[in-house]
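The chains carry the letters A, B, C and D, assigned in the order they are written, with residues numbered from 1 in each.
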Amino acid sequence: MKRKICIVVHSRANYGRVKTVMRAVAEHDDLELQLLVGSSALLHRYGAVIDIIRRDGFQEAAVVHSIVEGETPTTMAKSTGLAIIELSTHFDNLKPDVVLTVADRFETLATAVAASYMNIPLAHTQGGEVTGSIDESVRHAISKLAHIHFPATERAANYLLRIGEEADTVHLTGCPAIDLVAETDLTLPHDIFSRNRGVGEELNAQKDFIIVLQHPVTTEYGSGLSQIQETLEAVHPVAKEGMQVVWLWPNVDAGSDAISKGIRRFRELNETPNMHFYRNFSPEEYAKLLANARCIVGNSSSGLREGAFLGTPCVNIGTRQAGRERAANVIDVDCNAAEISNALAKQLKHGRYESSHLVGDGKAGRRIADILSKCEFRIQKKLSYISEL
Amino acid sequence: MKRKICIVVHSRANYGRVKTVMRAVAEHDDLELQLLVGSSALLHRYGAVIDIIRRDGFQEAAVVHSIVEGETPTTMAKSTGLAIIELSTHFDNLKPDVVLTVADRFETLATAVAASYMNIPLAHTQGGEVTGSIDESVRHAISKLAHIHFPATERAANYLLRIGEEADTVHLTGCPAIDLVAETDLTLPHDIFSRNRGVGEELNAQKDFIIVLQHPVTTEYGSGLSQIQETLEAVHPVAKEGMQVVWLWPNVDAGSDAISKGIRRFRELNETPNMHFYRNFSPEEYAKLLANARCIVGNSSSGLREGAFLGTPCVNIGTRQAGRERAANVIDVDCNAAEISNALAKQLKHGRYESSHLVGDGKAGRRIADILSKCEFRIQKKLSYISEL
Amino acid sequence: MKRKICIVVHSRANYGRVKTVMRAVAEHDDLELQLLVGSSALLHRYGAVIDIIRRDGFQEAAVVHSIVEGETPTTMAKSTGLAIIELSTHFDNLKPDVVLTVADRFETLATAVAASYMNIPLAHTQGGEVTGSIDESVRHAISKLAHIHFPATERAANYLLRIGEEADTVHLTGCPAIDLVAETDLTLPHDIFSRNRGVGEELNAQKDFIIVLQHPVTTEYGSGLSQIQETLEAVHPVAKEGMQVVWLWPNVDAGSDAISKGIRRFRELNETPNMHFYRNFSPEEYAKLLANARCIVGNSSSGLREGAFLGTPCVNIGTRQAGRERAANVIDVDCNAAEISNALAKQLKHGRYESSHLVGDGKAGRRIADILSKCEFRIQKKLSYISEL
Amino acid sequence: MKRKICIVVHSRANYGRVKTVMRAVAEHDDLELQLLVGSSALLHRYGAVIDIIRRDGFQEAAVVHSIVEGETPTTMAKSTGLAIIELSTHFDNLKPDVVLTVADRFETLATAVAASYMNIPLAHTQGGEVTGSIDESVRHAISKLAHIHFPATERAANYLLRIGEEADTVHLTGCPAIDLVAETDLTLPHDIFSRNRGVGEELNAQKDFIIVLQHPVTTEYGSGLSQIQETLEAVHPVAKEGMQVVWLWPNVDAGSDAISKGIRRFRELNETPNMHFYRNFSPEEYAKLLANARCIVGNSSSGLREGAFLGTPCVNIGTRQAGRERAANVIDVDCNAAEISNALAKQLKHGRYESSHLVGDGKAGRRIADILSKCEFRIQKKLSYISEL
């Protein structure tokens, strides 16, 4: 009997960070993949990641509709609640031996809560990392519910031990997102911009470009409109001077609507030459973009994680990544047009950085699958301090 | 403008552990109490605690129906999800300045998740304690979501610091449950048994009695029937020899149904002289019972918490309280009739223990209200280790 | 390819009224049974009908937990909402060709709403009947959503035509509940009372007995306690004089709690000789009881439906069955102890009535299965009056 | 004590059809308005109708988030379930004396189900009308749940009687949407196109234009993409020849996504001169547009309802309005580019029609408020046929 590993993919970010685990599980002799795709990964507004997943050859066991539309703090809570209700039904149907959940989003928490109460061993990646936003609280809460941990960095593994997780449940594997970057041919396809639809000016893969990706900070709900305004003001002049801008719409968190509105309003009031706005790229396409961008601007963790490995210059804005480990490629700035502008100029001048293996060496997926195939689980958790007594 | 403190009471155990906080908040010049009563506290099957709450002079702002009936792991997950959906609507209506949640149950987690995502400061009591069952995971997960902590014991406060909570958010106050015990006249009313309804033999307040209270252990779901069988086999002979037994039905956790079925089946197959089965007592009545009982048998934390203060001999069965701090009044045994029987005999012979202030000195409620009236909250959490860098 | 017929069983009443359809579908060459069991049919408090269903050889495709506990008008609404959420997930998994739903309860409405919006042809039994309570509104609402109707009586079929259902979608088949009664050996087993557990005095199958079954009337929510009081006052003296009473607990509708409380309180204050309170019987056992009872008292439709076929004297209390077709076996009374008492005396004196085929001839199950195997469905409904234009 | 009338507004169409009732209730001496705004009326994607409602001076008692995103048949069912759960909480808080719900959408059904089970008298507008799509089933189902009916036309009133509604509960008032049209100054503001944002060419209020509004037909789910394609093919040439096109995005029903995708894809592949795509207009602006448009094309009921009163030529496509009463202004066509094209040419040549009072005379709002202030409600419904017996 193969062990049934249920992996829940909820968003484009999720997918890139678990894809090599999915593949390693599907190919493993002793494991069977049960794939659930849910939440914003199903929605056209967020790029319908499910289409990419299917094109990649994965077949979902079921889809899980759980986004209560609104992108407010209240609907974020309600979406969490609905996701728990839905996921518990699917877990009942699939009867997985392990549920694996990724990182720190509200759907991740829902997955963790449903599995925990149903006595299903819970595996978790990206535990022990440090950031801002509500993700910070949620990530550690999930670690306290999880039965096995696959941290990406040494510091993260160490923090998991310090918060009381038992040593034999913490496995430093690196981040599967790095696997993907490491194994992808990073040459930029000449048609990458035309084959992905969006709105705005046509871009040219032969010419220089930067990436912008700025998500809402839920703990600063209400400031999204002014925050995105600062970034737009900093990036717009650079675009007008000829630098191409690949701008990605934000994720589904509370405040997303304000960010989108800010972008749309700016576009109505201004010409935006050299700027194009995309909903989504496949994980591999995104890796190629990151590998070839002159800089990444915003508050996405990809600038600090994949960016470190690729040596992509990064301007990291605001508190969303506060406390996160970083390599030399990052300049931190406040949410302020002048600061962003200066840092962007500095990064464009500097050019690429040396690659750092801070968040992984590219072999995480197989390591995780191997451990899942062998390890034993203790459903009853215990604070590690207790054994010191 | 008074600060609005929203307290959510979900069960009989909840109420006893937060009642003196509710009173202190209601009486505080700078605070306003917003009371939500939900979950099993509304249900006749669990003693309709809401009736007691109203008799005590508290008026709820709203009731929150969120129990998906079934008492299985799946319905426990679904009840958590539904509670999040419901509570977020109530928080939207009430717009509290702080939400206070008690201990480690699924409704507690739901409260914590809803408040967290809605950027409402979350206060938590009983953090840092250690037990078995799913409560162990959930309690620490809630601590990672909470913005202010009111631990009951020094060790608990210390553990909260060790899991990375920032020092200025951890306030050692003792447990409000001890306040109630300390301030109640503990004389046993002669009519305590007749004024509370239940099934079984009539009991006499003038004569000796023991208390039995055994909840399901959710992480051992499926073993409830045999577990309660062991306890029944150990207690029954003692009852037959004349010791009165005050038996309380279990709480609403997964497996509750099996425990209840075990008790009902035993009653059908056996005469149960001197045994009476109750749904509920008021917190004060329960304190009186505990103060006058010859022993408490089972796996309720009250044997280890209030029991420590009162010096009540306690036979603690199985893993549900594993790792919990305890005073001299406790004998731990496995879920095994012979062991339970021996320990019970030992405790009956020993008699009462000295009072221990391990979990509180009786002044927690006012301390908590005072701190809530003054403290400042940081919505953005941060692992304390970070400042060490 | 067999047509997949999804039948949803939600309660003990449901099961008896659809069992012969389930069997006929399961045995039909062109049909496949997809069984969902949910709601109170899963709950111990309501007799765990699922155990009987499994003992009868049916295997459910999934269980559906959807009862929000509380038995208030609010929780009845919430249970309907949750059932829609849950059932839509199961319909998505099972992809049935037809969904069949029974009668007029909130879970029935939930089934109808989920199937309708999902463009799954909806079959409905017991449409066109007339009663009181919210069931009256809900039954006709479901008929307006249903694509094919299997009414039990000629009047019901006629009413379906009058409310605008198209003639070719209305099939007069009789009620499957009558099939069961017609095919069961109605001899009363000597151990029927001892093999079913409950509370109260031991009953003797050799001696005379009456059945009492009184449900809450949701449209008169708040009157349940006084209503059950009247019935208890009328029945109690008869029991004291020696007539055995088989009393069944009420269903899960709003107000159920008040009825149960009324019964429990009465039992605490009075000796109840010759009375026994049961949660449930299997459909066949219930048929045997009805066939041998001296009278059925209360407001269950079984007195008017199965009772008509069996000629069992029936005292029908209050408005719950107002407007329902009835045979000669029924005496209607208000919710008033004196009236109930008089009518009961009259019925005991009268003895059994002639059998009436008003609600069916015993062949409904196979008829329904046959029609389901052949008929074509039009997803787009149309008021029949339109074609008259 | 004023009677509390709770009106639930879920969408832009809802609002226009109940606005004059809201005003009449708010201004009535004996009535108090309790406004709930929910569903797509909250969402930016559907024009954030709540902003218009607030600008019109109405203050909502609460917002109700209940859209499960996805626009599939499954999410439509789930949204209905979630809306019931949410609305029952709000009804519990507000304790209205009457709930009024509009027409035939899934949120309308949710409103009806919640109110019914909670024994709150339910008032319903637009009952008795006939159309295609799932709305047809749902509209009549709601009528069977409603306690008082305010039909818009004589035929509709007659149909309500025929489906068994009791005569004293059916009040022919006309449609409140006509009130709005009748009382609005229908002069087209010169800046109507610039003050409302959207995408596409700038339009000129001085020049001729047509309106296009095509919703998904849920009972034909899966055909949306080809259906919108036909309309685009018919309208596009007319636009290229100079006729301005005011195109509105579809509503939130299942299939909406396919319609939107069809429009977006068409825009990517074709120049669309003279075409502009809008999310929303205020009800008054929409009335002005309809009053001045050369034609309305699509399947919105507004072409047949407000269009009849205004004499606006209408090309009605497909089955969505099948069976609906219509005045002389409508030409029906299949979902076929050639047919649409011919009919559009014919209507442009014909010009405006005479006004018809088929769906109202402009005084519905006050009539409804008056009746609500005086009438008595019977919570227990009864099929009218019964009294014929």
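Operating definition for what follows: a residue touches a chain if its C-beta (ideal position, glycine included) is under 8 Å from a C-beta of that chain, and two chains touch if they have at least 3 such contacts.
These numbers come from a predicted model, not from an experiment.
Participant: Pick out whichever of the two, B-C or C-D, is joined by more C-beta pairs in contact.
Facilitator: Most contacts of the two pairs: C-D.
Participant: Quick one: which chain's Cα centre is the longest way from chain C's?
Facilitator: Farthest chain from chain C, going by C-alpha centroids: A.
Participant: If you average the CA atoms of chain B and of chain C, how many Å lie between those two points?
Facilitator: 40
Participant: Multi-chain contacts in chain D: which residues touch at least two other chains?
Facilitator: Residue numbers touching two or more other chains: 74, 78, 82, 85, 89, 92.
Participant: Touching chain A in the complex: which residues of chain C?
Facilitator: It comes out as residues 62-63, 82, 85-86, 89-90, 92-93.
Participant: In the complex of these two chains, what residues of chain A are touching chain B?
Facilitator: Residues in contact with chain B: 73-74, 76-78, 80-85, 87-89, 91-92, 106, 109-110, 113-114, 116-119, 130, 132-134, 136-138, 140-145, 159, 162-164, 218-219, 221, 254, 319, 322-323, 379-383, 385-386.
Participant: How about chain B: which of its residues touch chain C in the complex?
Facilitator: The contact residues of chain B facing chain C are 42-45, 65-70, 72, 74-75, 78, 82, 197, 257, 260-261, 268.
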